[in-house]
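After this come two complexes, each holding chain A, first together with chain B and then together with chain C.
Entry: the complex of A and B
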């Protein structure tokens, strides 16, 4: 037998070959990750003459602290509840409690997140970092809509283009095209589509309704901004997941479909008993990848709305960047990324647990 | 259970003709085997019967009804595939009952019919397993179970044993044969293996390049092959063909000879020949009788390989003109390599092509 060359006999060779990739990962993923954890425990600023100090979990508490404030309505001298012109109870301004009020240390410096009435009283949920809370809710909303819709849509497209028809390749390319274009470019283009005055979407809707549709400033309106970004994000990446589904579909043996056909299965039964079970592993992959991508929503926000209007499109990653670089509060930004990491990690683990092989 | 007729069935892929007008009559309860070399169109023909491929021309009748345009499920057929095609994520029970599940058979009836099928195939103990926990033979049993549970009129098998190892193949072959007797069902079975064809069939259909070569019982085909292809295809080792010249002929006999065969008088076959024609003699290896030395027999050659199997000796013989023949003797006999030998044969057992 031929003697192994020195190259294949030594472990060092393997490490040498791996080192470029390994080094880059170390430099751009592992080290920043460790740094983020380290920074998040200090009061480090992006540029500052002062040395950073260890502050423990202060960044986290500043970010995550919420408090409940129960407020009694204002009463006049005779003990009657004062009402405003709409007939609602009048309440004292919350500032009275949050600004240097020694009786209410738990809501010190907090702002009202949302409130509801409870009998005659008003219950206010207070947050010390209101923008982060909004970003958190927006991100979760985004994930909750985008993940299932994008996954399902991608599956439908994959099923459609998995037919042995002539010219089906063309559709495959068309659906995949948005994935190839940079998200920044796509976002810019969609800004024109969503434009409030003469955007494409408004014109189309206007034409379709014979002029009855009132133009909407899709990105400038609190109620439509996040939804518009969701729609565009779903459109942009659906082709990517379609390809993943497609590869899953093509691992299913055609003979199984023939067997199902012979046994008399309807198209729906074929999907239920042959296709869907055959896509199990693909489904786990798609769900986890979509969720992680959705959580990292940033470019669309940066290009299209910068988090506005009125923080209605703030997201965690956008806030982390904004905080870290815009406001130069690198420790606060780091803390946010760590929170996001833990969030995504726990959701992914949960998804894996829920979709595990039950045998 | 039903009759089945194929009338000038054709299949074209684009301009390529794959099945070129096939006529076959299959009677109720018959076990018919389509046999032929790989690529001759056996599977295509079977899949057309199943309804998995469109029929380009001709008429397919099952139980007196033309079914050309019916969906597979409306043809009353069940099919067993070479690759088993059982659903990997379902238990054996679910697999066997699949056809009943999708057609909405009530649960009690389903349980009962699945159990019956399992009992026929002796696999009750496997019902709760998954396909990944089964051997190849057991998987094929499940596939057969899925077929019989629906009580189809016609069973279709596409090389069901080709993925199994030799020993298992023989067991399953016998099992399928027993199953046919038990169910008394019409079965169509595709194989490239002539042993399977000979042992299983009531009727064999030999196909080549999309055309029927001969239809008949195994012994008809073996003893009276219609052409050289059928003769060469059935029997193992396959038939020897030796070219000879016609020296003389009359009403009862033909006299032939060649460089390697001494003049020999054969009984007349129903074939027109003229003196000087070159014809081919077909002699099965079992009917060639080798002798030491050049003298005894009428064919002469030299041993190039001798395989001794104990109960059988197979000789590879190079004739004087360089062509090869094979002789198979049903006893253990010693022949040396390179030994000059002569071969006798029974003139009654010679085929002329």
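Entry: the complex of A and C
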């Protein structure tokens, strides 16, 4: 066992070689991260003549506080419930309860997140930081759609280009091309593609349906904005994961495929019992990388929608930057990054647990 | 060995040359660094270089060294420099941002004889906390740009500065223009431009309705001014522009914003003096630059563009102030106006310019600045107020509930003021 060379046995040498990398990581990842945790417990500003003060968990409670408000419908003088023109019960405006109303101290300054009917009453879930809540939900939605779709598409592409055909390199390059182009440039181009009036997508759909397709303002519509950004993000990064899958595919020994052929396995059986088990570690890597990339969604939002319309594309990272830098609230932005970190960490740990070697 | 020797020699000679160069150029003169936001604009660079050279040749004490930054990253550079204790002596600052930098301790009051700027337009004088922190070499103004023939066609009255459109008149014009069916939209507000454009161009509408971003008597609360009945009336009107299809919303194509009026896609455009020349070139006498409508509390437009200030880090505030005072000569004010189309801040400088002199093609903008300009709230918290206002207007345009949105905006502004201990010193 003592075959190790002098370099690997001597600790100092190892550290010396690792030090440039470690130093950079320390400087640009570890220290800022520790600073973020520290800032999130203070009222630190980006620029201010006031010294920062320790405020405990105030930034976190301001961000995460939710409350419940139960509202009775409006009634007229004779006690009948008023209804609006759709036949639904009419309820008083919530600002009556949430603004300067000492009778409802638990929802002061909160905003309605969503509400549902409970008998005659309306139950409103209130959030003190509505934009953050929406950003949280949007980010999770984005990850939930992008991670599986992007991973699966990348695998399909990898299987397609893993064939020993003439000119297959050209296809590899084409699929990989969007990855090389800056995401900001790609986002700008897609902003034109998605344009609501004379965008490429609307024109194409219009031609394909012989003029029956009614133009959609893809990024200006609450229902389509986040989906449009998902589609574009999947397209942009799918080539990167395709290459990772491809490298995984090429580590699988051809003899296994030959054996499968001799045994008379169908293409699906070959994939299921030879290819997929051989891609196990690659799959773990791809899933974790896609998840982490998806959580850090920022550039597309910044270029294409700025979080709109009506917060339908707000994301945590975009809000963290907007607050910390745009509104100079470093402590609020830091608190948001810490929450994001905990979220990503727990999901990564869960993924590790679910994909662990069971034997 | 040979190569190293050669290299060493070159380096030696270079350093000798370098030191010789430095010693001649800085002979008995003290360097003053100047940061400017206009990198990449050649005509602008020509004017500012001219001023720097003239100043350096005009006296024997100071030598101003110019460094230009692209506008997009200028503010970031200044903030980073301030955090690293590396600010220049002289820097330029966007008017509404000035109080924030002054409050944060980046700027110091100017040492300029204030009698010299007595007849400057009010918008270019950067007063905060009773002191003059910055002064602009130009101002900008916004007008309702359209064509005489467009308005005549729908029988609309041509408003004047003394008698602008009322709210009813303005809405009526929009309705009639929409009814012609000739335009994609009657009015281009410039929604494609995000950022500072929103508070600069649209907060005057709110102020004309009687609301504001913040209560200017104390600068401590937005409650009641940003979400009071006047502000809600403004919000309802703002929303109606998009609901009625009078103006393109947030997803407006930037290319349409650029050329829509010229191509006849839009009938009117609410835009700044920097775009006025291309309208004149295209429409000639038919082009109109109209004053802001009066929504009840007088017609208003924004004021204050980029201005010069002296950093608190400067060891030579007198020299830095001298440079700024030197730049305030009419010939330079006129040169800026002629090269980049901005509004000169004095009547005498305006008289020297091509477009803003009496009877000049753009003289109306000087008059608009003089008659309607209102600076954005002069408070360090403006930076946050601007962001909050921008989001509120974008949301209302997208159909959000007006009162709730303005409530949220007022709450956010108040929370920020509280977090900053009232922005007092």
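Heads up, the rule we're going with is that the second predicted complex is superposed on the first by the 340 of 359 C-alpha atoms of A that agree within 3 Å, B and C clash if a C-alpha of one lies under 4 Å from a C-alpha of the other, contacts with A are read in each partner's own complex, and residues count from 1 in each chain.
Keep this in mind: a residue touches a chain if its C-beta (ideal position, glycine included) is under 8 Å from a C-beta of that chain, and two chains touch if they have at least 3 such contacts.
Computed from a predicted model, the values in this text were never measured in an experiment.
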item	value
Superposed partners chain B and chain C on chain A - clash or fit	fit
Per-residue touch tally on chain A - higher for chain B or for chain C	C
First (chain B), second (chain C), both or neither touched by A:138	neither
Which of chain B and chain C A:291 touches, first, second, both or neither	neither
Touched partner set for A:228, first chain B, second chain C, both or neither	neither
First (chain B), second (chain C), both or neither touched by A:44	neither
Contacts of A:337 with chain B and chain C, given as first, second, both or neither	neither
Touching partner for A:197 - first (chain B), second (chain C), both, neither	second
First (chain B), second (chain C), both or neither touched by A:150	neither
Three-chain overlay, closest Cα atoms of chain B and chain C, distance in Å	53
Intersection of the chain A residues that touch chain B with those that touch chain C	none
In the complex, chain C residues that touch chain A	79, 82-83, 100-101, 103-106, 184, 194, 249-251, 253, 256, 383-384, 387-388, 391, 394-395, 398-400, 403-404, 407-408, 411, 415-416, 419-421, 425
Residue numbers on chain A that touch chain B, as the complex places them	253, 255-256, 258-266, 269, 273-274, 277-278, 280, 359
Contacting residues of chain A [partner chain C, same complex]	43, 45-50, 62, 93-95, 99, 109, 111-112, 130, 192, 195-198, 217, 219-220, 222, 306-311, 322, 326-329
Chain A contact footprint on chain B (complex, rising order)	50-52, 71-73, 77-79, 81, 83, 85-90, 98-99, 102-103, 130, 146, 150
